[in-house]
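In structure tokens below, several structures.
You will see two complexes here that share subunit A, one where it goes with subunit B and one where it goes with subunit C.
Up next is the complex of A and B:
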């Protein structure tokens, strides 16, 4: 078990008029090497959960364990946890603070005590992988466009080569190519290096495309937790809690409603799968066996 | 006369070294000429760094042309005397709502705009209530903007502009952090403001599906306008859009892939409903 939440509650500003019970009795565990999507309406508690992951927030009750040890216990080094669990925050502005883009991305590796040579190597490789070339190295992070800031923030975390990568809406502000390339890269790291990934997203299409498992939050409560395919069969419940299902799933459900039958085992979650199934249905009919 | 008239607009950013010399130049806008009629709903697409936010800031007179001219309702942004009028007429919702929250309470945040332009007090509160209702944030009236979630902040920022009843609203990725239902609500709000109150909408977005009901889609690439047409025409250029870092809505993509494999589907499918209708015909 890599990360485990046991009956975690989090209350912001307890016993004040602003008291907000943001996370309510949430339990789950994430194995090393899983790719988990974390979904939920705005204000459902996703970012709060994420800040609990690496000890930025302490549970009001319950506990968060990393490889079996409670991260709030004294023998745990926060510094170590933070280099092992890399977090890309929802607002990239909150993690960019150095004077140049290159220095910013070096910050993590530097903090880990790596030699300067290696800091730079890692930073440059990470910047290249998020599509920022040399012309960006000496720019101030504050001069970057919205999507460029996002890319720089992601590079900063990638450069630390963490064991687990927690991404809070990483694709917000990215253009479609950047989104596909960066999430594609993360999937590759997941496949090849066994990286553990938690991806917060408001895009059902994205969750369907990348996550094996999804956890759905609703008003601070964990409402669904299961294989992606299974969770997206709950179209009605998901839309009642501010979410929905991927576009392809909606299209198949409209077609079924209008009497077009498809086998139960088609892959409705991916474009490729949808194209295959849609094509086969028409070809079978033309071949005479409907 | 068009509401927004942009003539051969150029914008350069300069970077200086310690001794004050220019160490680098970035041409963020290159020879942009556009004219937007009052009452239209315009979507702006483009890869990261293509110049969308820079263009928006010109319309709001936050940036001045390095070369060329921007007229809002006939007023030149370069004339300092016009700036306040221009900002009143062209309200802007910025890319990061975090940067534009100043009040302690949501209600005050939304009242700030109308107060500034001298709306009478009773009417201010009416407008505040109405705009919060439109974005679904009435329940958070008395909350502190600091303590809202990302999506909630975004909606408050939109309410803040709506309450000023401007002629034109420019929104820089307003739905980037909203959940699917929130996104739909904001889009519906924008279309309602456009249809009922004839407010001109300029929507910058990375979500292709948000643009299918726009009157017009403008595509930017490296500081230039490269496509400018109705959504159906723009999204017919699947390969070109991809080469420019963009994409097409999922139903358009499905139709495109199926056509490539020999199915007879019509051109110009944008919505899920259109796709389903067209596909049904093949199953008859």
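Up next is the complex of A and C:
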């Protein structure tokens, strides 16, 4: 068990008129190497939840465990936790501040107290893995394009070589191509390095495409938690809490409603799977002729 | 770290104090501050304290919100108290130890000043806690309208002020976000040593300033798109009007001030 939440509650500004119970009695655990999608309507507590992962917020009650130790206990060094659980916040490009891209990416390793040579090495490796080559090293982070800035900011977290990477809507505000690039990159890191990934998203399609497992939040409560495919069978409940299901799943459920039968084991989550199921169905009907 | 700034933080409520016209509250606060300086006796301060406590009670704002502002002036109060304890040498000598001589006059003087400063802060806190920044600037704009005659840009100033006030919570929030993002990269804002500490703030300040400029540019464009052209001919959605409670408010205020003056000119008492 890599990361475990035990009955975690979080209340903003307790005992004031602005009191907000943002996370309510949430428990789950995430194994090393999982790719988890964290879904929920606006204000459901996703961002609050991820700030609890590395101790930026302390639970009002309950505990957060990393490899079995409570991260708020005294023996645990916050700095170490934060370098092992990397968090990429929403619009991470707003955190860039250094004079050059390379120096900005070095900020994390520098704070870890690594020697300068290693800082640079890690920064360069991180920049390469997000697809920014040498020509970017000496550029000012402020002259990059929106998508490049975001990749530089993600590199800033990767340079600490975390075991888990938590991303808050990394694709927000990007065009479809930028979106695919960023998410593709995250998937590549997950596949090649065995990184544990938690991806916060508003998009069901995104979650269906990338996540193995989905956790759904609603008004601070964990409402669903399970394999992506299984969670998206609850189309009705999901739409009641302001979410939906991936478009492919919706197509099949509409077809089924209209009396078109499909086997239960088809892959409804990916476009590839959907096309194959539809093709097969058409072929069956026309007796082998397409 | 900016959570302690009560100034400009509104405590929502439905009390008479909340509903008073902002001009009444502004003049009320002014009169209250003036009364504190008219006072030269402890009874006077007692009266002011009683007056303020009654207003707080009516407003329904919990005492701990009102007193939160005191934390910020603790040092000022401490320094003032120390100075007057050691420098005022009237009354009877109480302590004579090495170079320290403490007189009874010094002690009572120190207590007097400390109470006065605290009441000053508490009084202003009550106003900002019961008045939204928008209404406050509305009140200022209308109350100071007479200055337009001497071509003092009242409207622009009020607009600048309300924008500034509006941006305090936004920038505070922004700063919290940036701070968290940098802390997630291992930044430590509690470093020891003055220079290191200042340098530690660069990762916070650069993004914050950039974001402030970005927001300012966006706002200017949005105002322009809505044909904002300054105060001339601009009407209000909710024009300020005095109601009966405001007249009662003024009546209470002036009675309080009159009483303060009477206490001041009384030849006896403490």
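Heads up, the rule we're going with is that the second predicted complex is superposed on the first by the 245 of 290 C-alpha atoms of A that agree within 3 Å, B and C clash if a C-alpha of one lies under 4 Å from a C-alpha of the other, contacts with A are read in each partner's own complex, and residues count from 1 in each chain.
The criterion applied here is as follows: contacts are C-beta pairs under 8 Å (C-beta built on N, C-alpha and C of every residue); 3 or more make two chains touch, one makes a residue touch a chain.
Because the structure is predicted, anything quoted here is derived from the model rather than measured.
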Give one of first, second, both or neither to describe whether A:74 is in contact with subunit B, with subunit C, with both, or with none. neither
Considering only the touch criterion stated at the top, classify A:51 as touching first (subunit B), second (subunit C), both, or neither. second
When the two structures are laid over each other on chain A, which of subunit B and subunit C touches more residues of subunit A? B
In the overlaid three-chain picture, which partner chain does A:96 touch, first (subunit B) or second (subunit C), both, or neither? second
Which holds for A:236: it touches subunit B only (first), subunit C only (second), both, or neither? neither
Considering only touches as defined above, state whether A:87 meets subunit B (first), subunit C (second), both or neither. second
What residues on subunit A touch subunit C, complex-wise? 16-17, 51, 54, 56, 79, 82-83, 86-87, 89, 92, 94-97, 107-108, 111-112, 142, 156-157, 160
Applying the document's contact rule, which stretches of subunit C touch subunit A when the two form their complex? 11-12, 65, 177-178, 180-188, 202-203, 206-207, 210-211
The residues of subunit B that touch subunit A in their complex are 13, 15, 23-24, 46-49, 53, 95-96, 98, 143-144, 147-152, 172-173, 176-183, 206, 208-209, 242, 245-247, 249-251, 253-254, 257-258, 261, 263, 272-273, 275-276, 279-280, 282-283
Per the touch rule, the subunit A residues reaching subunit B in their complex are 12, 18, 20, 40-44, 47, 90-91, 93, 135, 138-139, 143-148, 150-151, 169, 172-179, 202, 204-205, 239, 242-244, 246-248, 250-251, 254-255, 258, 260, 271, 274-275, 278-279, 281-282, 285
